[in-house]
Structures are given as C-alpha cells and as structure tokens.
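Two complexes are shown next, each including chain A; its partner changes from chain B in the first to chain C in the second.
Moving on to the complex of A and B:
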C-alpha cells in the first residue's frame, strides 16, 4: 500500500501544482457556471409562483432550491476532464511518454485529477456546501439537515465521480473519428445534462422516459446522489441505487480497458 | 468595402475546404447544436406542463423569444467565432504575430479567418422556431422591416462583447475564461426579465446587455409596446458597446508584446 502511494504521489502533487497555478481560471469558469444555476433558480421561482400547487411532482419550492444548487455542486464535484486528451495523444503518438512509465495508464490521469480536485474542492466546499447547509438551517420550510443523508450523498457522489471518469475516458477515444471536439463534446454534454437530471429532475419526465433514464448510466452521475441527499429514497431503494451505480462503474472500467487494448494494438509511433 | 467582401469570400472558401476534409465533424457539430436546442425546448415543454403561463407569457411567446435569440447568436457564431481563439491561445502562444504582419486590419483578419459551419444548427433551429410561432406576432410590413433591421444590431452586441473580452488577453495573455463568464449571462436573456431580481435585471440590461439580444426586442414584436426602449435601446446600446470594445481592442494591440523567445 505504501509503495502504491509512493508511486502515485508525484502525480497528485503535479495535479495540485497545476490547479494552484490556474486557480483564477478555475474560479472564473466556476462563476460563469454559477450564473447558470441562478438562471434555473429564478426560472423555477417564477414557475412555483405561477402554479396553483405548492408542490410539483413531489418537490416543494425549498426542495427545488436545494435540488438546483446541489445538482450544480455535484456537477463540479463529479466533473472529470483530465482524460479528454487521451484520444488525441494516441493519434499523434505523444501517448508514448505515458506508456513508458511503469504504471497503469488510467491511473496516470486519475491521480493528476485527484490533485486538481483537492485544490478545487478546497476552494468550493465552504461557500457552496456551507451555503446549502446554511439554507437548510435558516430557510423557511427548508428540509432539515440530515447527517445520514449527507453521508450517503458523499458515498454516492464519489462513485458518480468514478463512473464519470471512466465514461469520459471511453468517450475521449472518439477523437479517432472526429477532429471537431467542440461538436462531439456539445453532443455528449447535451445528452448527459438532460438524462442525468441536471436540467430538470427526472421526476418531471413522463413515466416511460423516467424509467429508461433511471436505468441508464447518466442518472447515476447526478440524480442518484442528489436524491439521496434530499432523502427521497426508501432504504431499499438506496441499496438498489448504489448497486446500480457500482454496476455502471464496473461496466465503464471494463469498457475502457477493452478500448485501450484495441487502440494500443494498432498504435505505431513514428520518429524518435 | 469591395475589398473587404472579396477577402471575406476568399477566407470562407478556404475554411470550407478545410471543413470538407472532415465531413463527419461538420455533421457532429450541427447535430450537437440541434440536439442541444431541441433538449432546451423539451425543458420548456416540461416547465409549461406545470403552469399555463410563465409570469404572464405563454409557451408560444417564450419559444418565439428563443427563436429570435438564436438567429443573431448563430450569425455571430458563424462569422466571428475566431475571437475565442484570441483569448484562449493566439495571444498566449504568440501566434497573434501573424495578424500584425499582414496588410489588412488585424481585427478584420481575426474576424473573417474562420467560418464556423456548426452555427448552421443554431440558424436552422432559430428559423424553425420562428416559423412555428409566427402566429403569436401581429405582423405588419413595418414590423417585418424592423425585425430584419434589428438582427445586425443584436449580432453586433454579441461580437462586441467578444471583441472587448478577448482583447483583455493582450494584457493578461489569456482571457478565455472572462469571455466565458460574460457569455454565460446570455442564458438569462431568453426569459422575461420580470422573473429576475433587480440586480440581475440591471446587469443584463445595462452592464452585459444580453437582455437586448433577445427579450427586449422580441417583446416589442410580441406586444407592440415600448418601441423606444425595446428597439431604440437596442440601437444605442449596440453602437456604444461596439465603440467601447473597439477602443479596448486598439489599446490592447498597442500593449501586445509577443510571447516566447
């Protein structure tokens, strides 16, 4: 275990250093995305004001507020983009530098990103998560703070991050086919945002779509942890949702290994 | 002026040749935009399945605002997308030198160098939405004319904001994040301003005036009210903004010091 840590520590440190250098960049991008959360907030506020019911599809307004900002926070927590360059690196041969090292190729990206996350979450935790908890304590009719749900949320969110990491690793190999990463990323993000419940809680969809989306891997990325935080699942549901998450995690780990195996078999690096 | 159009034509032809090399890319880009916008519509549909009207506006009217917003946004995206590259990498990597050595205005050269065909997705969706909801507007010839005239002014707001924020890279080396931050305010513009609180309303009306790119002009076409503010404001704001951003750009160019060895 200690030799394992010793081997990967430099990557974590490199990630930390990188995140520290580009800190202001991260903060500005984050501010931009926060604006998106506020648009959604105002929109739902108007919806609840215009509606005759005080609860829509099982969500009261305070619950909706929590949902909006929690799904935003979860999105940042579970985001993964360190591997977006894998496909490109394989294509142009610069992957050679990574293969030369006696370590697992995915771990290489993973630990770099962990370093990044340590810094970014350090910056984010207090204002955002603190804000969410403060809203629960001070807000009128807001759902009370429940520590068990918070614990479940973090377990589920960590699995969600791992799924997202391997999912993006698999996706990055589309660089073999497309040069326009802007377009293929837009395509992916639109689908993920929609089917993961970021745009609107899955409970608002027609029953048929809901059942499909709940089984697909995307709901495991965001909807599952957020719903656990809100305490919307029965204990039996919680167990089966966690199993579903683990199933998708294993699925994408295996898939990424298969893709990697074939990609490397065809790899020939030119030049010296 | 003739020279400008001739050059623009050459650049576009050049860029299209590049794009046609990678046909799959073209389709994935357009399809990405189409899907993105389509899912936004589903989102609106879901919201309106809960309520008859959003703060007094019907679904049809909101879709009209949406469609109107997409046309100038698409035009800006189609013609002037290269500005992003200035803030993201051209200045930082010293590649901007190339524009200074050519016998054309650097800003003009940057603007016309790319022709982002992905934007056809936005334009297509915009036109479809406008056609779908055209019944909600009481059209007259004058209004049609105003509608067409307002489009270049709106496009200019988008482009000006990009010119101004990408020019900051001349001092900061990298300003892509700032352009992005400004651009995110765009999301507010597609909804009636009355749903926001005063601070947000004030910012999107006068500081980062995206409300003039969609809601204000579209609300005139929908309700026939406040032409002076809704359209007059658009003209004034877009001219002022263009003036400010070009002077930031010019100051920036003289502050530019190339990167590297």
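Moving on to the complex of A and C:
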C-alpha cells in the first residue's frame, strides 16, 4: 500500500503543478461557466415570475436558485477530463509514452486529475460554496442549512466523480477503435448534460422519462447529489440512491477493465 | 540466450483506399474500401546481449512499426518477439521495466514541469532506491550534461537539451534493452557527437543492448556493431559494417591534391578496362572506381605518371553511398516486378 502511494503520489504532485501553471486558463473557464449559471438563473426567474404557482414540480424559486448554482458547482466538482486527454493522446500518438511506463494506465490519469482538482476546487470552494451557504442563511425563504444533507451531498458527489471518471475512461478507450474522439465526445457531452439534470431538473420531465433517467447512470452524476443537498429524498430513498450510485461505479470500473483488455490488443500508435 | 529474439514477425494494416478529390472522400465515407498493407513481412533475427544493432531503412520501410512491436505498443499480426525472455504484449507492466525507449519525435518528459521533477516521478514509477538514483543521476549528468538546464521547465528546453534529457529519462532505471528511434534527428553536429558518445559509453559500461534506428549513417558507422536493413517490410541485409562494405562497398575513392589545378584536364584513365569517375574542385581531384575491378595501387601509379601530386588520401567506401545503392537497386527490382 505504501509503495502504491509512493508510486502514484508524484502524479498528484504533477497534476497540482500543472494546474498552477495553467491557473489563468482555469479561471477563464470558470468565468465562462459562471456566466452560464447566471443565464440559467435569469431564465428560471422569468419562468417563476410568469407562473401562477409559487412552486413548480415541487421546486420553490429559492430551491431552484440553489439547484442552479449547486448543479454548476457539482458539475465542476465531478467533471472528468480523461476522455478528452486520452482521445487527444491517441490521436497524436503520445499515448505511447504512457503505455511504455510500468504503471496502471487508469491510475495514471486518475491521480493527475486529482492533483488538478485539489487546486481547482481550492480556488472554487470558498467563493462558490461559501456563496451558496450564505444565500441559504441570508436569502428570503431560502432552505435552511442542513449539515447532514451537506455531508450526504459530498459523499454522493465523490462517488459521482468516480463514476464520471470511469465512465469517461470507458468512453475514451473507444478512441483506440475510432482513432478520433472529437465527434463522439460532443454527442456524449450533450446527452450527459441532458440526462444528468444539469440543464433541467429531472423532476420536470414526463413521468415515463423520469423513471428511465433515474435508473440510468447519468442521474447519478449530478442529480442525485444535488437532490441530497436539497433534502428532497426520504431516508429510505437516500440509501437506495447511494446503492444505485455504487452499483454504477462498480459497473464502470469492471467495464473499463474489459474494454482496456481488448483495446490494448487493438492499439496502433499513430504517427512515425 | 539472445537478449532479443524476433521470429517471423508480421504486421498487416488495413488501409482505406480513397479515390482522389471530393467525390472520392464522399465515397470512402459511405462505402469504405479496404486494402491490406504488409508493413512488416516475416522478419526474424536475434540480438545478443550488449550489442548495438543499427536498424536502417528508408522512410516507410517498416522500422518504426517493428520498434513499436518490440516495445509492446503494437501487437503483431503473426509471429512474435521475445525480449529478455518476455513477450512484450503479454505482461506490459512487467516487461516495460526492462526497457528504455526514446522516440526522437516524442517526449516522455512532463511538458510543464521542471526537468528534475520528471526524474523524481520516474524514480518512483520504477522503484529506484534513493542511493541508486543519486548514483545514476550523477552518471547521467556527467555523460549528458544535464546540470545546466535541470531546473528549467521542459517546454523551455531546446531540442538538443530535450533529447539529452529524454535519453537520461530512458536510462534512469538501468534498462537491459534501450530502444532509440532516431535519437539524433534535427540536432546539430556537436550535440549529435555528444549523444553518440553517451550511447557508446552506456553500452560499454552497462552492457546495455541497444536497438537504434536512424537516417544518419554516421550514427551507424560510429556506434553499431551490426546493421539490419529493411525495405518495404522485408530484410535486405543483416551483418556487420565490414560485411556490408565487402558485399556492396566496392566503390572506393582516391583524392589527389594537385600542384597545378590545370593538370586536372590532363588526367586520363581510358587505358583501364573499367570506367573511373573523376570529380574536380579547385586543386582537388577525386577518382571513384570499383575496387574489385581495378586496384588502388594501379590508380595511384597511373595518376602519378600523368600529373604532379602534392597529397593523396584514400577513402574507405562511404556507407551512405552503399545504402543509397542498395535502396536504388531494391527500387528498380520492385518496379520490374510490378
């Protein structure tokens, strides 16, 4: 175990150092995303103002505000870039240098990303999460701060990140077969945004779709942790949702191992 | 037992054939046509421990494909290679501990980190003990002069520095086999020279087996005990440089420095039964001829009888010339066949 840690710790450090080199890049990325969150906020504000009811599909306006900013925060927290980086490295052939090292391929990406996340979340945590909690304390009619829900949220969000990591990894391994991931990445991202509840809470979908989406892995990526934070689940529901998340996590870990087994046989490094 | 054993190695690629132009692109999108292309055909050879093998061939001859199979990042269509008793494709994580790889066109260094960080990462990856690591770094520092840029981020290094750093990175764990794919590409003469010296020293001190591909034939001449040449995926020649010269290199050159440059026109070799090619620049005349048909003393005798000479130098067959000949011959044969 200690030799395992020793071997992969440098990747965390490398990830941290890389994130600090490109921190302005991350800040610009954040600004863009924040802008998106505010656009969504004004959109929903217009929807609630024009509606006769004070709550829509079980969401009051302050809850909706929380949902918007939380789903934005969760999106950054659970984002995984592995499919883009693996895709790029397959495309230009530099993946070869990774495969030539005596290390676990997935772990290599994972720890680099963790290093990146430590810095990025450090930058994001205080202004954003602080802002959300401040809104809850100061905002009119806002849901009260519930520390148990916050704890549940972080547990669920961490599992969500792991699912997302392995899901993206599985997806990225298809680059070994298709050579280029750009197109399929766009399609995947659009579907994930739609089915994970990033754009619209799943509660707003027709009942049939809701039931399908709830069981699909995508709701585990974002909707589940956010709903936990908002305290929308009964204790029984919380347990079953966590189990569903763990199921999908195990599913994607196993799937990634199976795909890797075949992908490595199919591997051809592009370029001289 | 040989360190590297290659047996009937074959790699076929499926290639989409595309008719030219926009219509062709459209056709290949809807109904792609495949063609099998043999990049490596039935290669077999062995490399004993401690040997430096020069692996040469024209662009697209299949060198890189072979190296990729040897390093385990490409699976052969049929046949196998075994290095240090291990099949690269079978147990990747274990196998790569035995080898070091440098691809001249790529880097294994962390692009955004100071160079020495890469070495600390590699130290952990390969489980190099602290003491061993320092000894190794000192050694690599000495032969590759890393000290002047070891604290700079990799992205700020010049190509020559990066290549030296990359070679050091591939040697940190003291591999049994070192694969160098065009390690001197794009470097200036003095850096090339440094790198060659380093490679020779490592081979000498550690008995590292080295497989070297290059387009620079000076690399081959200065480093390799043995040459393996391929063309269109098949073996063309396997042997020492001396054998290569013996087999193909009968072309010799004798250089004369004349006292009077006008004398050059007086030279006449038409009495000899074979053609002699003459080239003159200023005072220097070079006579090029086939060694097996006319001897060097004969040429000397004939020349000295005709003109006054200040200096003479007899050149060995130039390996570059030989390789050019072989490839030309191969290309002609190929054309006749098709």
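Operating definition for what follows: the second predicted complex is superposed on the first by the 247 of 272 C-alpha atoms of A that agree within 3 Å, B and C clash if a C-alpha of one lies under 4 Å from a C-alpha of the other, contacts with A are read in each partner's own complex, and residues count from 1 in each chain.
Criterion: a residue touches a chain if its C-beta (ideal position, glycine included) is under 8 Å from a C-beta of that chain, and two chains touch if they have at least 3 such contacts.
Owing to the predicted nature of the structure, the values given are computational and were not obtained by experimental measurement.
Asker: According to the stated criteria, A:134 is in contact with first (chain B), second (chain C), both, or neither; which is it?
Answerer: neither
Asker: Once the shared chain is lined up, is A:38 touching chain B (first), chain C (second), both, or neither of them?
Answerer: So A:38 only meets chain B here.
Asker: Applying the document's definition of touch, where does A:258 land relative to chain B and chain C: first, second, both, or neither?
Answerer: In the superposed model, A:258 contacts neither chain B nor chain C.
Asker: For A:18, using the defined touch cut-off, is the partner it touches chain B, chain C, both, or neither? Pick first, second, both or neither.
Answerer: Only chain C is touched by A:18; chain B is not.
Asker: Have a look at where A:102 lands relative to chain B and chain C in the superposition and call it first, second, both or neither.
Answerer: Touch status of A:102: second partner only.
Asker: Does chain B (first) or chain C (second) touch A:125, or do both, or does neither?
Answerer: neither
Asker: On the superposed three-chain arrangement, identify whether chain B or chain C touches more chain A residues.
Answerer: B
Asker: Of the residues on chain A, which ones does chain B touch that chain C also touches?
Answerer: none
Asker: Inside the complex, what are the residues of chain B that reach chain A?
Answerer: 22, 24-26, 28-33, 35-36, 39, 42-43, 46-47, 49-55, 118, 174, 177-178, 180-181, 183-185, 187-188, 191, 195-197, 200
Asker: State the interface residues of chain C toward chain A in the complex, per the touch definition above.
Answerer: Residue positions touching the partner: 13, 64, 68, 71-75, 89, 92-94, 96-97, 99, 101, 103, 105-108, 110, 112-113, 117, 120-121, 124-127, 153.
Asker: Would you pull the chain A residues touching chain B in the complex into a rising list?
Answerer: 24-25, 28-29, 31-33, 35-36, 38-39, 42-43, 45-47, 49-51, 56-57, 177-180, 182-187, 189-191, 193-194, 199-200, 204-205
Asker: Quick one: which bits of chain A touch chain C in the complex? Just the residue numbers, please.
Answerer: Where chain A meets chain C, its residues are 3, 6-7, 9-11, 13-14, 17-18, 21-22, 93-94, 96-97, 99-104, 264-269, 271-272.
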